[in-house]
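Just below is one structure, and these are the notes that go with it.
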Amino acid sequence: MIKDFEYLAPKTLKDALTLLDKYKDEDHKVIAGGQSLLVLMRQGLVAPQYLIDIKGISELSYIKSDAKEGLKIGALTTHRAVEKSPVMKNGYSVLSEMEKRLASVQTRNWGTIGGNICHGDPAGDPAPVLIALNATLKVAGLKAERTVPAEDFTLDYFETALEPGELLVEIQVPSPRPRTGTAYSKFNIIESDMATVSAAVSVTLKSDNKTCDDVRIVLGAAAPTPRRAKKAEAVLRGKEVTDSLLKEAGNVASTEAEPLSDIAASAEYRQELVKVMVARIGREALARAKKA
Amino acid sequence: MLLEGKFTLKAPIKEVWDFLLQPGTLVSCIPGAERMEAVDDKTWEGTIKQKVGPISVKLNFTQSFTEADPPKHLKAVGRGSAAGGAGTFSQETTVDLSEIGQGETEVSYTSNVSLVGRLATFGERIMRAKVKSVGEEFTSNLQKKLKEQLG
Amino acid sequence: MSYHCPACNKVSHSSLDLARHMIGRGDKVHRDWIYSKGFKYSELLRLQIQSFGGEGFKALSDVLEAETKVED
Amino acid sequence: MSKYSVIGTRVHRVDGVEKVTGTAKYTFDMVLPNMLYGKILRSPHPHAKILSIDTSKAEKLIGVKAVVTGKDTIGKKQGIWRRFPELCDEEILCREKVRYIGDAVAAVAAIDEDTAEEALDLIEVDYEPLPAVFNPMEAITEEAPQIHEGVELNININRHLEWGNVDDAWKDCDHIIEEQYVCSSQAHVCMETHDALASFDHNGKLTIWTSTQAAYYIQVLAADMLGIREGDVRCINPYTGGGFGSKFELDSAQFCAALLSQKIRRPVKIVLNREEEFTATKRRTPMYYFVKLGAKKDGTMLAKEVRVITEGGAYTAMGATALYLTGFFSSFPYKYPNYRYDGYRAYTNTAPTSAMRGFGAPQSTFVGESMIDNLAEDLGIDPIEIRRKNGMTPNYVVPGQAWIQSCGLHECLDAIEKHVKERGKLPPNRGIGVSAYGFMSGGIFNWFDTPYAFSSAIVRINIDGKVDLFTGANEIGQGSNTTLSMICAEALGVKLDDIRIHSADTGICPPDLGAWGSRETLMNGNAVKRAAEDAKNQLIEFAAAKMGINIVYDMDIKDGWIHLVDRPERGVSYYDIVKDAIRGKDGEAIIGRGHYTPHRKGMISPAYSFGVQAAEVEVDPETGRYKLVNVTTAHESGTVINPVGIEGQLEGAIMMAGGYGFCEDQPMDEGKILNPSIADYKLIRALDMPETEILEIDTYEPEGPFGAKEAGEGLTNPTAGAIGNAVYKAAGVRIRHLPITPEKVFRALEAKKKQEK
Amino acid sequence: MKHELKFTLNGQPYEIYIKPKTLLVEVLRDELGFTGTKRGCSSSSCGACTVMLNGASVKSCSILALQANGAEVVTVEGLAKGAELHPLQKAFLDHGAFQCGFCTAGMLMSARGLFEENATPDVMTIKEAIDGNICRCTGYNSIVRALTAVSKGEYKEES
């Protein structure tokens, strides 16, 4: 049963921030697409006094890209819009691929990319990809704006770096460097299900098109937050990336994962999956980097 | 869901025991504990506030000691419910202390926590994660406090 | 040759059949008789379910063979 | 050309237009004037004494109109195995004790759902938790807590089946294998959750609209539990959003709605939410299997010994039948000269386990078909060949149990063999597993203790030739309304469009045991056919008189033409004769009656259908993840009445049974189901569904209407076994614990690697 | 406090007053009596409540009705034109693409969303489009066959 609340539906960002500031000490929640929040509200687990509905703020729904500034996605852009945007072909196709496997078409049609990130679910799909792409999140408050690297945004299970009164407004993805390839995949049993374990890997090669100049390996659903496997990255950085090196990186990444056991899989199995996923997705990223 | 573990403290067993049995100890170690009062020598009552992402829960609970063999063995059973009918929880904890050397005590514990109601069914995954992290935080706090006070 | 159930008098053609009947019925009268012979009913049952060849039945049937046989 | 005009043709479902336009009304959609909404308070404890229930605060809440607890009941325990009173063990609203998490303890009726839900939180129940037991192996020990008074060691029922001499036969076997298996639970996941709308009038007469598989059972059981007469209860089954075995017992929604309505004389509607549906309705029976199987070198199977203990959950429900059928179907579809089965059902403090599509046979088929593949491998015999060597044939008698008349198993084996050959050499990590099965067409044993015929039907012909068909059969999506209308149209010689079917309304339809055990086509089909023939004969009498035929000819009706069988051109219009006949009978409508109760067909069922399935999987050896690539089924169900319906049953069964093999499970912690939502309960969706092929094999069942037999549940039996065998072929590991999850495959692969080192 | 909701449903304008917590599916079914749309899980997992909102399929159990303010909503009741069935409905009938019918409204609306975007989807695209809808009866393949037939142009809307 959803408890009654006072409903506020600002139509501009400014109005929204004003309202958020006004109610920041009150029991309030922000709703965008609400694909996660409404489930909790229906179970009576979340019962805010004020519900601030930002879904109608059209100025936060956009996708822009240019070579210099990179890609900018408004926080209220729907998953489906990201998935279908032709802009993604300019080096961000991994975002489109990720979105395509996120839940169902109906959920993607209504749910927003910003809402997903702010939910802070370690099994969410966008976060690992954005971290691999070295994205930055623009956060606005009534008085100031700030940016947070995507990898620092999720703090704990369902906890984010958003302060009271703040909204996530934009996702900024830098233009990919030359010879960069990024890939993402998730392991699950039912195709459209949440990740049992997911991984995103971004590889940038040196001009010899063989040696790893930079790499970002991100694990999803393998720790309380999406997490970079930095030791595994170190295995690859500066070296010629081979299959066996990727396998080694996978093994190292597995030691960096801190998964839990649940009904979908045991912690041990998740660790094994991390090994395989990192090696496989690394291989895919490498192949893309070579072509990029 | 079962939590278990052990750790050692540089303190005599009797001191560890007395420390454990002060309501104040638990308030300061349980993350989110707001209140803990002794109703009688076997029963405590308390309130804990917990937050998992968007969900905040206030749990009122009663803890009673069902077995006590000072200064070695303690068993406590707790039951509680979340304000607003979101669910109930129960736990059964056994703590065993043993002297392993001069002024050194080993504390081993097992705690079986069970959640029922809406809280529990909202994603087993999330609650399990939460209970685990609360459990870990609790033991690390406890060790820290014990070390501060006794060590 | 016939075997008469010491609890309810049901007639069986072999001690093994009678053992199956007694464990199968499993009500208090039958169990009490089984207990009186020093068996633990649930142990017989567990043995019966988990082992092949009816080990639980056989253990009991040895006693029944000796105690309940009636020459026709 | 087919000799039939309607049977075997591809028709639109008779309920089709209503369903695609959203105008079909389900109980879920119903609203009555002055209606209240009910909610049920359930036990959070697996086993506890109820010390007291205080409903005063809830009653004071504005908008609450009534609260009921066990004290408001007549204190009767109910069960569906009415022939055995000791098996009627469920109170529905518990008075003294709760036995599983989800047991109902109180119910509220209020002006809207939110108020009713709020009121639940205000009911104070004082429980004294009792020690609980969850595993059947532990439940039968002296140390286990007793769940039902007077049932020591928690043994609910046991079953024994035996023929031949198993002990002697082992001596003649060249090879014997012994294995253990665990079959998991499964949820029905009907799209429409259990719901009911109950309305008592001030004369004490009750009408219940409910989503059910057996309106007649609900009528009888509700009357019994409320202490009123059967005739005062009318149960109407509007469109029903799926059943799969979960909806033929009296459930908490029906009982609590009726009880609340009885108290306040206003209509009360209760709809279970999805979580209640998962935790507080019945489910598939988990089983622990211990099996021994022996054969000669040439693959002739001589003996099989099966021991099973099932997790009963808190109440008997239909668990008694599942225990029996899993024992019987463990011998299927092979000719074992020596066979022995011992099954035990243990009460546990978990949600009761009962009927679910396949009813014990999916478990026995998974175990049996896994083992026969293992046996074949040990003996170096092809898996299809060993099945052919031992498979049942027409007119086979299962000693002391069953008489099988039509049987197309061997033709199915041939068809699948051809299919497997056509797939050719498979790429690495792929494998095809085969599984054979059989199933019954309705049950024979009268455990419900009904004095009525098992099925009956009434056909009323209107003045314009349109036909009203009254049947107690329950349309739950499986298509019985369409199939029975087709049978009626064919038997009467009219168009399908001429039939208007009225089903599952106990106020106007004859009693019927409902839609379960794959009984509707054969049993109801027979009753409908007989009723139609009764009406037809009345018409033919008039037609013969009118035509002034001077010798006795055989006459028939086809396509609206009443004619001489030998000279079809000589006849009269059906529509004309109907008018004359009714006038001739002083205006009395033409009414035909028919009924069917099986006689002299053994212990189980009047007929059996058979099939063989081949599942192809591709295994990822690094993760154990596998994909279902293709499932091909050769199936025989006698004459196919409704081909579109059979395709749907078959493909739907693969979704459900594939899920049982692949991913569906209900893991528990201390009696608490851990995945009571569709987000957490994994089931096969469109992208996971394998491609499916159906190879229809022709047979004719003498006992069935126009030669038809079941085609609904049997199809749920083979898939888990076929998947298990396919995984073995593809990856070399045998998983004996359902479901066959990637993690289990992965662990088995790791263990195998270790062993090989 | 009740809020005003103005929107278009199946081509007709509606103006009603509702509590803000009311879900879109509740407005459709309980307030306006369009019970063709079903609810199967209330957690946006089963798809039975799928409707079209501004031309895209959405799950109406997970949308606040007020979020549909000013929107155009189409439910299963809006598919047929009077007695003339929509091509999707005809295809479902011909291919036996439903049994109990409880998921059918949602399936049809997901399909409608698909064809708004893509008149000739391939099998994979069709499966993706209905993957958010559970059908416990058919096993999906008959639904895929029905939609494939529509994609091939076997069912045309009569103009």
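Note that the chains take the letters A, B, C, D and E in the order they are written out, and that residue 1 is the start of every chain.
Keep this in mind: contacts are C-beta pairs under 8 Å (C-beta built on N, C-alpha and C of every residue); 3 or more make two chains touch, one makes a residue touch a chain.
Quick caveat, the model's predicted, so the values are computed rather than measured.
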Common touching chains of subunit D and subunit C: none
Path length in steps (a step moves to a chain that is touched) from subunit A to subunit C: 2
Most distant chain from subunit E, judged by the mean position of its C-alpha atoms: C
Result of counting contacting C-beta pairs for A-D and A-E, higher pair: A-E
Of all other chains, the one whose Cα centre sits farthest from subunit A: C
Chain centre separation in whole Å, for subunit D relative to subunit B (CA means): 48
Centre distance in Å when subunit B and subunit C are each reduced to the mean of their C-alpha atoms: 51
CA centroid of subunit A to CA centroid of subunit B, Å: 35
Interchain centroid distance [CA atoms averaged], subunit D/subunit E, Å: 30
Per-residue multi-chain contacts in subunit A, two or more chains: 191-192, 263
Overlap residues in subunit D, where contacts from two or more other chains coincide: 674-675, 677, 679-680, 683-685, 687
Two or more partner chains touched - positions in subunit C: none
Pairwise chain contacts under the document criterion: A-B, A-D, A-E, B-D, C-D, D-E
Subunit A partner contacts - residues on subunit B that touch it in the complex: 52-55, 57, 84-86, 118-119, 121-122, 124-126, 128-130, 132-133
Subunit A-touching residues of subunit D, taken from the complex the two chains share: 113-114, 117-118, 622-623, 625, 662-663, 667, 674-675, 680, 682-685, 687-688, 741-743, 746-747
Residues of subunit A that touch subunit E when the two form their complex: 2-7, 9, 31, 34-35, 38-39, 41-42, 51, 53, 55-56, 80, 100, 103-107, 109-110, 191-192
Residues of subunit B that touch subunit D when the two form their complex: 1, 84-85, 87-88, 114, 116-117, 120-121, 123-124
Complex contacts: residues of subunit D adjacent to subunit E: 12-13, 15-26, 28-29, 188-193, 239-242, 244, 273-274, 476-479, 644-645, 647-648, 650-656, 677-679, 683-687, 689, 691-692
